[in-house]
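Next come two complexes, and both contain chain A; in the first it sits with chain B, in the second with chain C.
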Partner chain A sequence: MTPLAELVLLAIVFTDFAVLGTSRLSSCIRAIALQGLLLGSLPLLLHAELNPRLVVLAVSTVLIKGFALPASLRWAIREAAVRREVEPLIGYLASILLGAAALAVAFSVAGVLPLPSLPTDLLVPVSLVTVMIGLLVLITRAKALLQVVGYLMLENGIYLFGLTQAERAPFLVEVGVLLDVFAGVFIMGIVVFHINREFDSISADRLRELRD
Partner chain B sequence: MLLLTLVLAPVVAAALAYVIAARLRAVLLLGTAALHTALVSLLWIAPGDRALGGWLAEDPLGRIILTLVSVLFLAIAHYAIGYRREEDPRGGRAFVSCLLGFLGAASLVVLSHHFALMWIGMETMTLVVSPLIFHHDDRRSLEAVWKYLMLSSVGIAFALLGVFLLATAQPHGVAGGRPLVFDDLMANAAALDPVWLRAAFVFLLIGFGTKMGLAPLHSWKPDTYGEAPSLVGGLMAGALTSCAFLGLARVSAICFAAGADDFVRPALIAFGLASLVIAAAFIIGQGDIKRLLAYSSVEHMGLLVIGLGVGGVGAYGSVLHALNNGLAKGLMFLAVGNVVLVTGTSVADRIRGLHQRLPISGTLLIVGLFALTGSPPFGLFISEFTILRGILGASHPWIGAIVIALLAIIFVGLAAMILEMVYGNREAAAGRSEHGEERKWLVVAPLALAAIVLLLGVYIPRPLSMALAAAAATLGGAAP
Partner chain C sequence: MGVPPVSAWLALGVLLFAAPLVPGVAARTKAIFAGRRGAPVWQLYADLWKLAQRGIVYSTAITWVFRLAPVALVATTITAAALLPLDGHGGLIAFSGDAVAFVCLLALGRFALVLAALDTGSSFEGMGASRDATFATLIEPGLFIALAALAIAADSYSLTSMLGARSAAGTADAPALVLIAASIFALMLAECARVPVDDPATHLELTMVHEVMILDHSGPDLAMVLYAQALKLATFAAIILGVLLPPRSSGGWVAPFALLASLVFIGVAVGIVESVMARLRLPRVPLFIAAGGSVALFGLILVLR
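On to the complex of A and B.
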């Protein structure tokens, strides 16, 4: 089963870069939904014997990260009438180059770390690169909805790392899914704020009134 | 059973707050707070309780912080009842419910001896506090909540990664003990993988440091404390940050036991010094009393991690300081809350002559000023002095000198603003606004907190000093 798992991990890296490089919000959401589906398949692919707990984890991951959160992001776009184009603070080329640098760092760091016995060597570097690219999106994109996408990627990276401990402490990966609550709160927040008409545009950039 | 009740009773009460009649909510809030404090005092009589197979456990360090949370919450619950008569915050139901939920989550953080469980408590605490910050339906509150949620959620995500890394550092099988259980981690600290442990410490320091508001991760603090209702500010500065400190202290204890001192201690001291520097820089010339208190909170969090970092008697001072600082912050925020209720502003230039308009709250501000700046005879004098002894004992004379200089600057900054507010000429206030006078109900809670802070400066009860010594021993320190 391992070759399939490695293929899925590489596809996750691909979705990371897809979010970095696209200019349309809807493509970013499609990429993050795909990442959620891939993530959900991993608990089943990485472990030889299936137990009910892993199946429940996989199904709930697919439902939450693959369907529910992307759907609510689309709902937020409709409801809050967000403009569809993405205006990053740094250009796409620079983003992709930074992403490539993150990839190099992730693989070299993971090479140095004393790895516990894992089904595949790719798990730790892919987790690290997803965390880093998620942070990159969170920091460099001005639009609140894209920051949520960045946060989702950050979470997904942490979830991947949690999978290294899934066999010993399955409780841990399940706890990781709780982070999705924050993403849900952000999306709710964006819509509610917009309905309140506090902002003409929900660019987090404009939230700059409080300062010293 | 007792430990589970401490966590679950506030949660049940939080749910009840949604269904019962409005006039009963005050009774529910105060009743739950009083019950919680009564149960916590039972812990002092019969210590060492555990539940859920050791996932929830009570130790001297946790007992001290839980007592702080419980007493502070009781004072704030009492204050909240009077406050809601003056100015009803958004959604009375949600307000009471979130306050009670906070108490339950904070108890879970303190009593958890399992890091994943502690993390769940920390996340819940972050979530239930956000509606409390969003007090006014305006742009400034919105910005404060958004910043708070963004920074804390990234912080909490890093903390989770840190928890995963900590699990990775634990060897499989009998050699490592049960995964992520604090007592097992301490007992088998020598078996932990040093590289993964250091990685775990870095992420947990960033995660818990964001919750504590250590510089440079403090940027949510002035905005949040500035916009939230004062009593929520008091709860966050006194209880939430102390719970985060407890989490950091537990991780540090494991690192010390594993012999990672050379890495962990300098990191803690560096974050602490950065916090003191930032606090001193922004306290001078600050124009808003609530933001001033936020930077004072950054300062005290810095002192806590410095004490933890130098070890020895510094660790003892640090735990005592967490207790003192939490109570003093509660006192100060509640007194400021009274001022804001009457003057309608927290901008210092518009507030003058409080000794005439609000004689008791004005006096409390002065008391709080001397307490917060570590003057005798208040408890913070003893704890700051013990931390300084710890710094010198670890032979860091330069760090000691820098800390003393920064504390002096901070004293001048705080005193300049507060003395002017209390004794300044009333006519000189810019854009004066008057509505109402001091409410008797609202001075009770800050007076009680002031009395405790004063008492702790004069006399530390024997059970407390024994618990402090035991907590310091866990943190690799010693009693003076």
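On to the complex of A and C.
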């Protein structure tokens, strides 16, 4: 089971880089949807014995992160009629290089962390790199919609880290986090829509004009 | 080091002879994707034969640099190919650190071609040369990272052990090797002036890169440049074969067939890439190359783990 899980983890890193490297909002959303699907398959691949808890976790992750959240983001794009380009604050090349640096840091840090036995030693570095690239997207992309994507990646990284403790972490906590994220992204989608209607733009740069 | 076995000479001969097949297969794949029948896969052999019989026209502006370039290009590319362990046992030339020599030989050939393009005195060719050199400076670090990752995986600085007789302990690095092969494929597309970076079929002035540089070459000179370009593709195909399926246990007589299969495979892969994606805008090309290099870096990190 583990080699397949390792391949899925590598694919998750590629979706991280896809978000950093693409210039189209819809491609970013497609990448984050793919990442959600991959994440959903991981609990089943990592643990040899299938218990109903893991199956419910996997199915709900796939449904929420793979379908529901991307659908609401697409809805926001369509309703807000935003321009389809990413318009990053730093160039794509610099983003990719920073991502590669994050990758190196994640792998060097993950080796030092004192963690109990893990299903595969790729899990922690991949979760760290996903968190860091999520932060990078949050910082360097001006569009509010992409900040939602960055927030989602951040959460995906935390979810991955939670998988290291999937046997111990209570199921309710996982589902609660999923629900929180779902509600959060839903609200953000609506907020993005309203920002756009007020300012004719969803660039977070304009938000400094919000004074009373 | 003893006398290289016959199989090494045989494998190199197969590579040198079959190299023009790769662009032919790529063009045929492209034609089939577009719903045409396309030129036969041995079209480049016919072109080379035709060009070899023609005379050469030299511009009055050129010096010996221009006359030397095609010969230097072919010579460096063949030498680079001889460094590879094509039969799975060892290259015809093998020493510790020959991976560096391999990249530098390719760079030397490119340097000769760039100089020749500048030697013509045409500003258009100078522009192509400048673009080509820019891309090369980005490709080279990526190639070095990929080769460094292979060197660490094989615990040796020689291409012979990096691509040939890898020990069974190396199988733990399988995900890393897949990444490195993917990265080398992307860098190959850039190095050999194939589609996302450069379009071998274009003759639109603004978009040409490699084609610009060879505008002034004619007759046998042009044949040599075209052959070297095909051989470079074939060399990279052999590297990708060595990374993914090192012909370790197959013995000397299966290796040439594996080599031929890899040439056809890479030709089809290049053709598919050219059919399904458009050429990137020039400012986006460095991003593509850097992404290829990052994949190699990822492989390196996985190997170091």
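Quick note on the criterion: the second predicted complex is superposed on the first by the 185 of 212 C-alpha atoms of A that agree within 3 Å, B and C clash if a C-alpha of one lies under 4 Å from a C-alpha of the other, contacts with A are read in each partner's own complex, and residues count from 1 in each chain.
Keep this in mind: a residue touches a chain if its C-beta (ideal position, glycine included) is under 8 Å from a C-beta of that chain, and two chains touch if they have at least 3 such contacts.
No experiment lies behind these values; they were computed from the predicted model shown.
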Partner contacting more residues of chain A (chain B vs chain C): B
Touched partner set for A:151, first chain B, second chain C, both or neither: first
First, second, both or neither for A:161, with chain B first and chain C second: first
Partner chain(s) touched by A:111 [first = chain B, second = chain C, both, neither]: second
Partner chain in contact with A:75 - chain B first, chain C second, else both or neither: neither
Contacts of A:182 with chain B and chain C, given as first, second, both or neither: first
Common interface positions of chain A, toward chain B and toward chain C: none
Touch list for chain A against partner chain C, complex: 3, 6-7, 10, 13, 17, 21, 92-93, 96-97, 99-100, 103-104, 107, 111, 121
Contact footprint of chain A on chain B as seen in their complex: 116, 119-120, 123, 127, 130, 137-140, 142-147, 149-150, 153-154, 156-157, 160-161, 163-165, 167-168, 172, 179-180, 193, 195-196, 199, 222-223, 226-227, 282, 286, 291
Chain A - residues contacting chain B, complex: 113-114, 116, 131, 135, 138, 144, 147, 151, 154-155, 158, 161-162, 164-165, 168-169, 171-172, 175-176, 178-179, 181-182, 185-186, 189, 193, 196, 198-199, 204, 207-210, 212
Complex interface listing, chain C residues touching chain A: 174-175, 179, 284, 286-287, 290-291, 294, 297-298, 301, 304-305
